[in-house]
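Letters are used for the chains, namely A, B, C, D, E and F, taken in the order the chains are written, and counting of residues starts over at 1 for each.
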Amino acid sequence: MITTHQLEHWLQEDIGHHDVTNHVPGETTGRLVATEPGVAAGLEAAARVFEYLDVTVEASVTDGTTLAAGDQLLRVSGPAKSILRGERIAVNVVGHASGIATRTRTAVDAAQQESQSVRIAGTRKTTPGLRGVEKRAVVAGGGDTHRLDLSHMVMVKDNHIAEMGLEDAVAHFRERASFGTKIEVEVERPAAAPQAAAAGADIVLLDNTSPSRVREAVETLTAEYPDVLTEASGGITLETVPAYAKTGIDIISMGSLTHSAPSLDLSFRTGEP
Amino acid sequence: MITTHQLEHWLQEDIGHHDVTNHVPGETTGRLVATEPGVAAGLEAAARVFEYLDVTVEASVTDGTTLAAGDQLLRVSGPAKSILRGERIAVNVVGHASGIATRTRTAVDAAQQESQSVRIAGTRKTTPGLRGVEKRAVVAGGGDTHRLDLSHMVMVKDNHIAEMGLEDAVAHFRERASFGTKIEVEVERPAAAPQAAAAGADIVLLDNTSPSRVREAVETLTAEYPDVLTEASGGITLETVPAYAKTGIDIISMGSLTHSAPSLDLSFRTGEP
Amino acid sequence: MITTHQLEHWLQEDIGHHDVTNHVPGETTGRLVATEPGVAAGLEAAARVFEYLDVTVEASVTDGTTLAAGDQLLRVSGPAKSILRGERIAVNVVGHASGIATRTRTAVDAAQQESQSVRIAGTRKTTPGLRGVEKRAVVAGGGDTHRLDLSHMVMVKDNHIAEMGLEDAVAHFRERASFGTKIEVEVERPAAAPQAAAAGADIVLLDNTSPSRVREAVETLTAEYPDVLTEASGGITLETVPAYAKTGIDIISMGSLTHSAPSLDLSFRTGEP
Amino acid sequence: MITTHQLEHWLQEDIGHHDVTNHVPGETTGRLVATEPGVAAGLEAAARVFEYLDVTVEASVTDGTTLAAGDQLLRVSGPAKSILRGERIAVNVVGHASGIATRTRTAVDAAQQESQSVRIAGTRKTTPGLRGVEKRAVVAGGGDTHRLDLSHMVMVKDNHIAEMGLEDAVAHFRERASFGTKIEVEVERPAAAPQAAAAGADIVLLDNTSPSRVREAVETLTAEYPDVLTEASGGITLETVPAYAKTGIDIISMGSLTHSAPSLDLSFRTGEP
Amino acid sequence: MITTHQLEHWLQEDIGHHDVTNHVPGETTGRLVATEPGVAAGLEAAARVFEYLDVTVEASVTDGTTLAAGDQLLRVSGPAKSILRGERIAVNVVGHASGIATRTRTAVDAAQQESQSVRIAGTRKTTPGLRGVEKRAVVAGGGDTHRLDLSHMVMVKDNHIAEMGLEDAVAHFRERASFGTKIEVEVERPAAAPQAAAAGADIVLLDNTSPSRVREAVETLTAEYPDVLTEASGGITLETVPAYAKTGIDIISMGSLTHSAPSLDLSFRTGEP
Amino acid sequence: MITTHQLEHWLQEDIGHHDVTNHVPGETTGRLVATEPGVAAGLEAAARVFEYLDVTVEASVTDGTTLAAGDQLLRVSGPAKSILRGERIAVNVVGHASGIATRTRTAVDAAQQESQSVRIAGTRKTTPGLRGVEKRAVVAGGGDTHRLDLSHMVMVKDNHIAEMGLEDAVAHFRERASFGTKIEVEVERPAAAPQAAAAGADIVLLDNTSPSRVREAVETLTAEYPDVLTEASGGITLETVPAYAKTGIDIISMGSLTHSAPSLDLSFRTGEP
């Protein structure tokens, strides 16, 4: 959720102490329109901004809707002054979130041409302060949030394994984490994948591994541990997604979905019918 | 400045209620390293994150430093648990800000091949909550912050002109804004540029105007109003920057610097000397 | 984590605008001592309170330590005024958390006399504002946090099943939740337990079910779905815990651990060596 | 008052970044019902939670109302999603506050069987963050808030007396505190009670003193200082309340009212008429 | 207390997103000096500002110290950039608080020439956000805080009396307020003063009453109710204070102490020894 | 803008944990009335306070309206309890802001008798936490906000000049500040004014300079640099304003407008038609 504190921070950092340009009298309307194709996201945040300013908001689409250039995302009506104040922030947050949703959709489409069941997932590489907005934007694009925060799922990493050994590390966290928490184990070599599964991993992560070695690891693992999920990660791009999707992997995670997606181009038009 | 509230929001959204994986005893060190070339930014935010966690931070570079792949940005030492907690957020914020600085530098370099005096500027199209961080990242890349917020500078827009007429609109804001506030006038047609200058604009903005028409407007304007600054804006890309830079324009502003710059690739390495 | 805002709220609500009684000059020391047996918890919160006030804190025990009457939990030294200001809040939060840990330990001990593997878990019935503190206190007492928040694990409830049917409800959430999120299904009748497992539940919750019917359901379920966890919940008390523990159930959850545990009796003694 | 920040903290700590289970379409209703007898409190906080979520709230009772099992506390109607989001927090806060009110009422009833005029009071031993909610719950149960915060009333304690002597300590605080602030003096021995009254105490607190010695002190004190109030405190339980009430004491304060009252059992029922 | 949130608000509202003028390298020192005579107050707030910025602060005086022109209030040393950032805020808050303390001292001196025992008190007419700072400034000037907030003391006003009658109103609040809370009754006519005392008022307030009628009321009241305090309020100025002080009244309260005291003139000098 | 956090701080610091006096049932109305002549300001803040409390507000005047004694500023209607809660804060903030507006108007009137074009401006000497409210109050009184914050305009001060020399200092900041930021140079000697203009100052500030020397400097400067603005500052009072206004100076700034204006006397009357 977006707190009032955060919302007011967004407004305050844009307005400052004395803005003379928005003191426009009367009522007006406004429309948020996509000027390029994409996928809508962040609409709840935009609605929060306008509603805070006593502007009435009607969403024309929902998060996840495919947009053609010219499609309207939402329509507002209310005091001209308030609409002018909210407009820039609404465009910024919806453009940002929709950019993430759009890139996610592109990755999902690329992957699903090779595998109907593979999931494209985000990472914890999100913009500080926008974890929830960005995770939900990944979902809007057809992706999987992956770990929402460090408490959501245990990730057993190389430093844990180096310190405790793989079996003991998994047992250590199985003991300490809730029964409701899944445990994922990151392995550096495909050969370690079955060992991780044997130790009790719910998911095995193959980091920085080539598609061919991923395929090999997935085959070995699945034969013996059909219920264990597999994930590939590390520098996977829109270009290499299909190659990974073909390997039989369950999840492909990509930091670039959230940290490097360009904003979706939007236009806010006031005073239109 | 980054408030304690914001800093704790960044940490909290990543940690959750019960993270079992970071309870690593002892002290360690860590290094933040660029894995691709770029320009450093956001270092103050990273330092704030680590210092909040009682981790000692030594910056190896400053905002604006050109980075080669492999260059170290900062080095930390302190409790392993705290370093692990801060690492992801530090990478996220420095990667984000450095991505903006890097793209700004690219734009500045492209422009300066055509004009030593042209300034590349950001816009108000920033990520909600990060206005200051992103504006300072633009500066780190050699750019100009442009309007920090609505109170910093008056922008007379088409809706103001439609309502009051150009002369009256400028007079209206000259009366209401402080003597310390500059007034920029956005014109839709180059022909309106001298009219804006005559009305008292400190800066004239040519929005969505082709380089050739920009050049023409700049020449006309400068002949008569040598002290009035000129700005071009609207869909200018890294590719079209040189063409605009050649027109004699004073400022080229680009929303993409902040809303669409990919994150700079960084790596955080713990336990290294 | 306890934010600075929350910490200052705790101090401010106790101090008010003008407290004349704590203006004691000089330095002193203080000791937080248990005056009845129990289990320590909440020490990190107490340390935060004192450190905020520039008081040096030395923990004598850690969260989870068994305390005899007279055992010291922590020792502080610093300005007398600051120690007096922090004392009441430290006692309140450690007493509250330790009361939860103590009651959890009692429940765990009672259960483990019947089953070494059964887990005692908390619920979402926590005191508003203290979710993290209370969840970690349950862990200190040897318990399991259970769902940290609604995003941590999916709980399929009767209203979902009524609306979509059990199979569709589980499929619906499997699609929408992350691969990293477990799904628990609440069943009203033991007979529905295998159906839930077949639908893909990771955990089956038997709500308000007598021990004998729980045993029956667990046996049926485990025979067919050995990897599915089982949980009993609903009005289970310290008295009835053993009867449930004997059923072979994996998890027993009790709201009373957090919402009804009496505070552990503590004493803060200043000026002692 | 409950601030928006606090309210959003309550919601946020329970919801997390991506809750998929509460996206229920349509409108519904809900009823908060007592499932055991008690005294209502915390209703304002519950109303705040629901109103924040745009749910309409109708209180069926007020703070202080005696509840039989089955009695309805409040009724809500609005978006199903919002009601599901607010439900758990409303139950938690009303259960907690009503538990305190209920225990207070029990203590008041026990005391008033022996004395019509004795007051049962809370202490500063409240749950961090809930000072106001808990103090008002004590009032709902028929009790007295006692000191709201350190600035509300001066409490002269043994360390002050050790340092300055009783007379000087009272004079010291009479000088520094407002004319609008009462001064209470804590005495370790009943014999010191008249001395405290002579020094100017408005209230004399007999800490950890047996009923018989309390009676003796009260009699001595009242004979000479009829306007000075007397308070007994320190380990007084529901069992020993009557013995203290019989002594003629004016106020009996009990930390357990706030720090150890079990939650009142409540049920939230959705979709009912 | 001044929260971190408030402190950062003070800094943030003065700095903005990108201040280029304070990036001064190196260390320096600074001295806060009175440039006119007065009484020091607000030093704790200034220390908080500088300490937040990692500047070392040494107070040369304490709140309440009488200052001659040229007297130093505090001395700081640390990073030049931080000192420059804190300077303006420190001057603003200390100037404001010291202005209040200075005016309070003037009123106290004027009153005490006529009566050694009369107290000069503030009111609730404080600047929003600075209740605590201003109340403590009144104390620094030798005044009495009066009601810190609405919960500190009950004020029975004309609207209560109109609704319930004087006796019932006092009884009503005696029942609802804590035993630790004093009750003051505002009377419109001096003749009502003994009635208020008889009803149980701890303090009787004579509002907008001339000195001669105040004297009369005080004499009547004191004869019968020697323990009841008396207060005069309403448009009392530095000029009329002595006339009121002579009446035998216990407290004279003046809103102008906090809402209309001019700032004390201070100078912050950097780089001096 | 006034954030919800700030608004709730204002309410909370005045209410405390348990206010028994405002629990008045039913609806009522209230009117905020000036009891002395002045200029209205702060009305938006008052409206925010009442609207937060669900009280309907109708403004009778706007910020900047001239008030005669008896003039109504706003009218409210709603729950009596809420109106009583908001009343004191509304009076405090409107009285404070209107006091600033009134003093500004007095200064403006005094100045304009000598010069139609001179502007009276505030400074950064504002009450911590109220920068925006006070700047807008200066505008309501017919004044100029001057620098809103350190990022709004560059002020080159003696320490910069001492370190870098005047020309280099201006060039340094021209390079680092945005093209949208004006640069003002503070000169200690009138003779330095043309030098500052030559270096590129947009505004030249004559600090602590007598009217006759100001006139001389203005004349010299204007002859050569007609577009450069001039400002006089430093200990200018309502008495000396006319003398400065006569010098031809463009701006006269006065710290006393914000830090020493007495509150405008207002009365809040409930229950009136």
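Heads up, the rule we're going with is that contacts are C-beta pairs under 8 Å (C-beta built on N, C-alpha and C of every residue); 3 or more make two chains touch, one makes a residue touch a chain.
For clarity, every value in this text was computed on a predicted model and none was experimentally measured.
The minimum number of touch steps linking subunit A to subunit C comes to 1. Chain centres computed from CA atoms place C at the largest separation from subunit F.
Mean C-alpha position of subunit B lies 52 Å from that of subunit D. Chain centres here are Cα means. That of subunit D falls 45 Å from that of subunit F.
The distance from the centre of subunit D to the centre of subunit E, each centre being the mean of the chain's C-alpha atoms, comes to 31 Å.
Residue positions 4-5, 13, 15-18, 131-132, 139, 145, 148-149, 151-152, 176, 178 of subunit F are each in touch with at least two other chains. The touching residues of subunit C, when paired with subunit F in their complex, are 13, 16-17. Against subunit E, the residues of subunit D that register as touching in their complex are 119, 121, 139, 144-148, 151-153, 176, 178-182, 184, 203, 227, 229, 231, 250-251. Residues of subunit C touching subunit B in their complex: 1, 3-5, 131-132, 135-136, 139, 145, 148-149, 152. Residues 5-6, 9-10, 13-22, 24, 45, 88-89, 91-93, 95-96, 99, 124-132, 148-152, 154-157, 159-160, 163, 173, 176-178, 255-256, 259-260, 262-263, 270-271 of subunit D are the ones that touch subunit C when the two sit in their complex. Within the complex, the subunit E residues that touch subunit B are 4-5, 8, 11-12, 15-18.
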